[in-house]
Amino acid sequence: MIAGVIGATGYAGAELVRLLAAHPKVTELALASVSFEGARIEDVYPNFMGKVTARLVKPEEAAAQADAVFAALPAGAGEAYAEACVGRGAPFIDLSADFRFGTDEALYQAWYGKGWAKPALREAAVYGLPELNRARIWEQAAAGRVIIGNPGCYPTGASLGAFPALARGLVDEGARVIVDSASGVTGGGREPARAFHYPECADSLAPYKVGCHRHSPEIARNFAAMAGRPVQVTFTPHLAPMNRGILSTIYLPLKREWQARPAGSACLPPGPEAAARAEAIHHLYKEFYAKEPFVRVLPAGVPAATGRVRMSNFCDISVTLDQSGTILIAASAIDNMVKGAAGQAVQNLNVIMGWDETSGLEAVPALF
Amino acid sequence: MIAGVIGATGYAGAELVRLLAAHPKVTELALASVSFEGARIEDVYPNFMGKVTARLVKPEEAAAQADAVFAALPAGAGEAYAEACVGRGAPFIDLSADFRFGTDEALYQAWYGKGWAKPALREAAVYGLPELNRARIWEQAAAGRVIIGNPGCYPTGASLGAFPALARGLVDEGARVIVDSASGVTGGGREPARAFHYPECADSLAPYKVGCHRHSPEIARNFAAMAGRPVQVTFTPHLAPMNRGILSTIYLPLKREWQARPAGSACLPPGPEAAARAEAIHHLYKEFYAKEPFVRVLPAGVPAATGRVRMSNFCDISVTLDQSGTILIAASAIDNMVKGAAGQAVQNLNVIMGWDETSGLEAVPALF
Amino acid sequence: MIAGVIGATGYAGAELVRLLAAHPKVTELALASVSFEGARIEDVYPNFMGKVTARLVKPEEAAAQADAVFAALPAGAGEAYAEACVGRGAPFIDLSADFRFGTDEALYQAWYGKGWAKPALREAAVYGLPELNRARIWEQAAAGRVIIGNPGCYPTGASLGAFPALARGLVDEGARVIVDSASGVTGGGREPARAFHYPECADSLAPYKVGCHRHSPEIARNFAAMAGRPVQVTFTPHLAPMNRGILSTIYLPLKREWQARPAGSACLPPGPEAAARAEAIHHLYKEFYAKEPFVRVLPAGVPAATGRVRMSNFCDISVTLDQSGTILIAASAIDNMVKGAAGQAVQNLNVIMGWDETSGLEAVPALF
Amino acid sequence: MIAGVIGATGYAGAELVRLLAAHPKVTELALASVSFEGARIEDVYPNFMGKVTARLVKPEEAAAQADAVFAALPAGAGEAYAEACVGRGAPFIDLSADFRFGTDEALYQAWYGKGWAKPALREAAVYGLPELNRARIWEQAAAGRVIIGNPGCYPTGASLGAFPALARGLVDEGARVIVDSASGVTGGGREPARAFHYPECADSLAPYKVGCHRHSPEIARNFAAMAGRPVQVTFTPHLAPMNRGILSTIYLPLKREWQARPAGSACLPPGPEAAARAEAIHHLYKEFYAKEPFVRVLPAGVPAATGRVRMSNFCDISVTLDQSGTILIAASAIDNMVKGAAGQAVQNLNVIMGWDETSGLEAVPALF
């Protein structure tokens, strides 16, 4: 199959190229870039030298030729290519936010500051978090018209970390869930900017876009979809001095029957009751994800660490109770460029095509 | 004055040495180390070469000779030296947790696994967070018998970030406050260990001691002291791939009258009401800390970043509302080795001696 | 085929496991560890969770069962296993220095401080730098008795960077070649130590073992083998604040006929003559490595960078003349854990077995 | 005294501000910036908040008001301000290359691509490496007309590392000296660019501007000045993944009488003769710098490391013989922003004013 990538020279695009170049079912790449049209991708990304030598074409060409098309473009820029692909039955996997909100154009507009040029395309759109929507992706693929709204990086980690607790009814319905996340700097993309200038982000940690990051509604929507009820979410992103990875620490207030100790007691170390509850919840998480190829619920005592999923499509999850026994603290780690972007997009392609879901995503992560 | 440092070759001790060597009122250092007794500190720390050439003495000698004594020792190891100092009227500033809990030996025992050899020493002990206890430190110093329980690194950042909101009654009394913190690796001390081995912590972020970190009760106690009521706290520490710094992101649920929007509404971007509330809270924070020499409430839109307080005694604080308008998100950044340990200890010395509180702590932080 | 790894829980061993687990011709792993015998490797390396689940066996078992055996052990510790493997015709690939020096036990002894228990094994030994010795590896494999002395990390990068110039007679025979290299911290292995403690190596660069690093004679021997004459070498290693990678900057004084400008002239920027010479030398390098699957001679103006070969078996090389036109400066970049250790070992297995030399080593490097 | 800084918002300028704000003899700052005129420097650099609150003025104003003026400007941009200052007798300390080359405009032009607008200013110019030119700075200051050509960052480290060997005649006169240096990313300045974009330089090491870096002639000139004869130099800079610091590894071929072993022998570990020679050279270095306040010749066995001079004006030097005993390997470490730029500029001010040379530069470096 010919896989097309539009926006191949941005970071998410380049990561798609890296993964697709090694995908056993992909025989050819059609790579498109507006900025570097005509150049070879190995001239823009010397790391590809000798491995990916394709010449960059116009976006329309990639959209017309490829058997499946990925787009890694700014908000709003991919709709025309989506239409072209859907029109001829080619799957279109979009890494922007354009197709993540179903038909809720108002919500999109509220956060992205503009509406959709072609709202009707949303009929074909599925939010591409396979752990949530695998069946719907299959259905839509079977219908021969499929656009994937590939999830945002933060929503991927946050959702996978919280899903079992939400699905199994552990979480107090009146309470707010707090998602505290930190991302590596590749999340900022390829364009040089002060915020991503080495001397200003090395050896430093800081929050950003507090209270107003666009991934907030996507997280809230996913939580609600899994819980089957609205879920109040507070989300804070941080920039961490590392290249890849998102760690999300998720605070899920437990229903009274899941709590290990009555709220209001003194601040003491966790006792045996907390250990028992934690074990039950750990078991529940293990079971929930037992068949998922890319979610690993870590053994008790091993915290999720971004370094251990680097360059892989895994999402590692650790679960613990807080000291009071009333809050479940789930931590999830992903590689923001893989499971948080390009890897998940390839996973979606695999789901659509009916291939083994791990095709091209078999990388064994290193510890270092 | 002769300043003594017992445990001078650990990281907190070495940081004390660095600061005291440049302190305008300190004329001589008496440095003690069990491990390196007899060596020169510049042989253990070549960075000190030519600047600090003192030979390391026995702890008892430092405790006997110095006009003021700092101890950076494991839990329980400093009580004898504290007694010796108090007995002869020399201030004793202890960087361990031994003197942080007033007379509450049970709480100490619950978290540190052992009791006190000399409980009576606690009469002379003050918890040395000047922004909370300056007056009590003065009093105790005036009494000629003062032991400082120098605060833990995480409690320092967490407390300063939350204090104005707690003191001014912004926080919903029934709600739990969540403190999500990340520390640089110097927080782990000087002993090599797998967790702090470069290849295993570089380029990675992970939580640790979730639900059971010993700084939890200290944070809860400080919050309660400032709020004048018990405060439920959930605290999660993380290890970040940087040398120095602690960033604490603190989630403070607001009382209804301080909220910008009724809880329960859809996940929308913050509106003008939120901006107005945020401004009022920002103003309140500025005022609260107006006279504090080491707390900087940052302008709106500038998030606290550990890199901007590196090597200084500053605590930078940024305040924002979450997207829902119901949670105050305060972020505080400190250098864990300075305001989080040695710098605060020197600040305590300055308070005790009636010197300018910034003596020896005038370092202007760099951006890079 | 069953691949055995003795010393599977050290860093080089774990990297072998990572690569062999994904090798298309390897169907089973026999992993051995003295320290963790009986444990599962995924308990020691949580990054392997769900991907490599083998239980660690005794070294003798791995040496007896596997069709090919890799050893990542301290100097001298692998000879017995080598003997066992050679005895039964199984290839033995040794990552220590034990089999790198042909029959020159005196040289080995001079640098490693001890002799060989079983010198006769060296009959079967080949130094496993395929770009130098591919034919000899084939021969020895054909003879059914093959021990590979897998090259050191620094000698690999240094040799590949200098080989074309040495082979083609560009280098002044009376002159000394200087190799200035810097390695990431994984080169120090898994054992925590002060030198590799995060706070002491982060954000710092320093030389180590100046004038006495054990890789010196290996580099000199390789240079001589390629040049067909003795070559004087000065080698200095450095520790750089990064996880993976070795950059070697190699100063090769040119014969007069290759120089761009007579030695002794003023310090001026390079002129057109230098550019012409550099281009000729660049061409010569390209040609020399035209058929090598893992050596990439970079386009003029693109300097070798360790980040662009990370996690791959590539060696990237850039060549430039110095300002005077009399010194060829070749820079080579490898991933010290892959081409510098485990990847090259797998490459050697591929050569021995007659498989495609890139089997299991197809990883496309990322830029970030 | 009022100290002026023109170009205060670049990195070198901001570092000057940081140091001058804490200088005991500087009572007021006149800070100028074309880009941010009218703003407060603490708005551009939030790290300065509350410590440096001056409003940024026009360059002409700073040049007219200050008692001494520093300029951190692009090549050629400072001549007019220099003229203004010299005209009224105020010292002018220029951090660009404009005043580093005495009257050799041709050499400047060859490397910087343009000539000088006001060549006559060079009468008043001294190259401001105090360890080389202290007496000349005094003389010129006494004459009441002084312009300092503040040294480049690489030339500072390279020169200090090589000076004793060159001055005392250790170095073979026919041989070329190789300087292999690596700099932290702050050396690239404040402007965001791909080369300094965090994801593209983190965890990677690479050379740049090989054979054509503008600091080459400055290094060669300094070497010649100290040796009293022309010295051939080959210089290669690298970019290292750290914020601050330059490590220079300098290869100085020894005259036969200083060599520890005849050239041409086999590659063996260094013997006792090498140790004896190394000790003699170490002694010679110690003596050479005995009175220098900022140069530390490290004890044998302690290699120069950039981390140990971070934020200080020190230059640390370690000396060793190579394995052959024929090359002296001197390694020097500086903080590129301090001794390599702003700190040295302040040192020059101190020399000019006859103040203690360490005024404002007393910072004790930390290890971490």
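Think of it as A, B, C and D in the order they're written, each chain with its own count starting at 1.
Heads up, the rule we're going with is that contacts are C-beta pairs under 8 Å (C-beta built on N, C-alpha and C of every residue); 3 or more make two chains touch, one makes a residue touch a chain.
All figures in this text were calculated on a predicted structure; none of them were measured in a lab.
Least step count on the touch graph, chain B to chain D: 1. Most remote from chain C, judged by the distance between CA-atom centroids, is B. More inter-chain C-beta contacts link the pair C-D than the other of A-D and C-D. Computed centre separation for the pair chain C/chain D is 36 angstrom, with centres defined by C-alpha atoms.
Separation between the centroids of chain A and chain D, computed from CA atoms only, is 47 Å. Taken residue by residue, chain A touches two or more other chains at 11, 184, 186, 199, 201-203, 241-244, 307-308, 367-368, whereas all remaining positions touch fewer. Put simply, chain B touches chain A in their complex at residues 107, 110-111, 176, 178, 180, 182, 184, 199-208, 210-212, 216-217, 220-221, 230, 232-236, 238, 240-245, 247, 249, 251, 253, 263-264, 266-270, 274, 303-308, 310, 318, 320-324, 326-327, 329, 331, 333, 367-368. Contact residues on chain B toward chain C in their complex (touch as defined above): 11, 184-186, 188, 190, 192-194, 196-199, 201-203, 241-243. Listing the residues of chain C that touch chain A in their complex gives 11, 14-15, 18, 21-22, 43, 45-52, 186, 202-203, 243-244, 296, 298-299, 302, 307-309, 311, 316, 337, 362-368.
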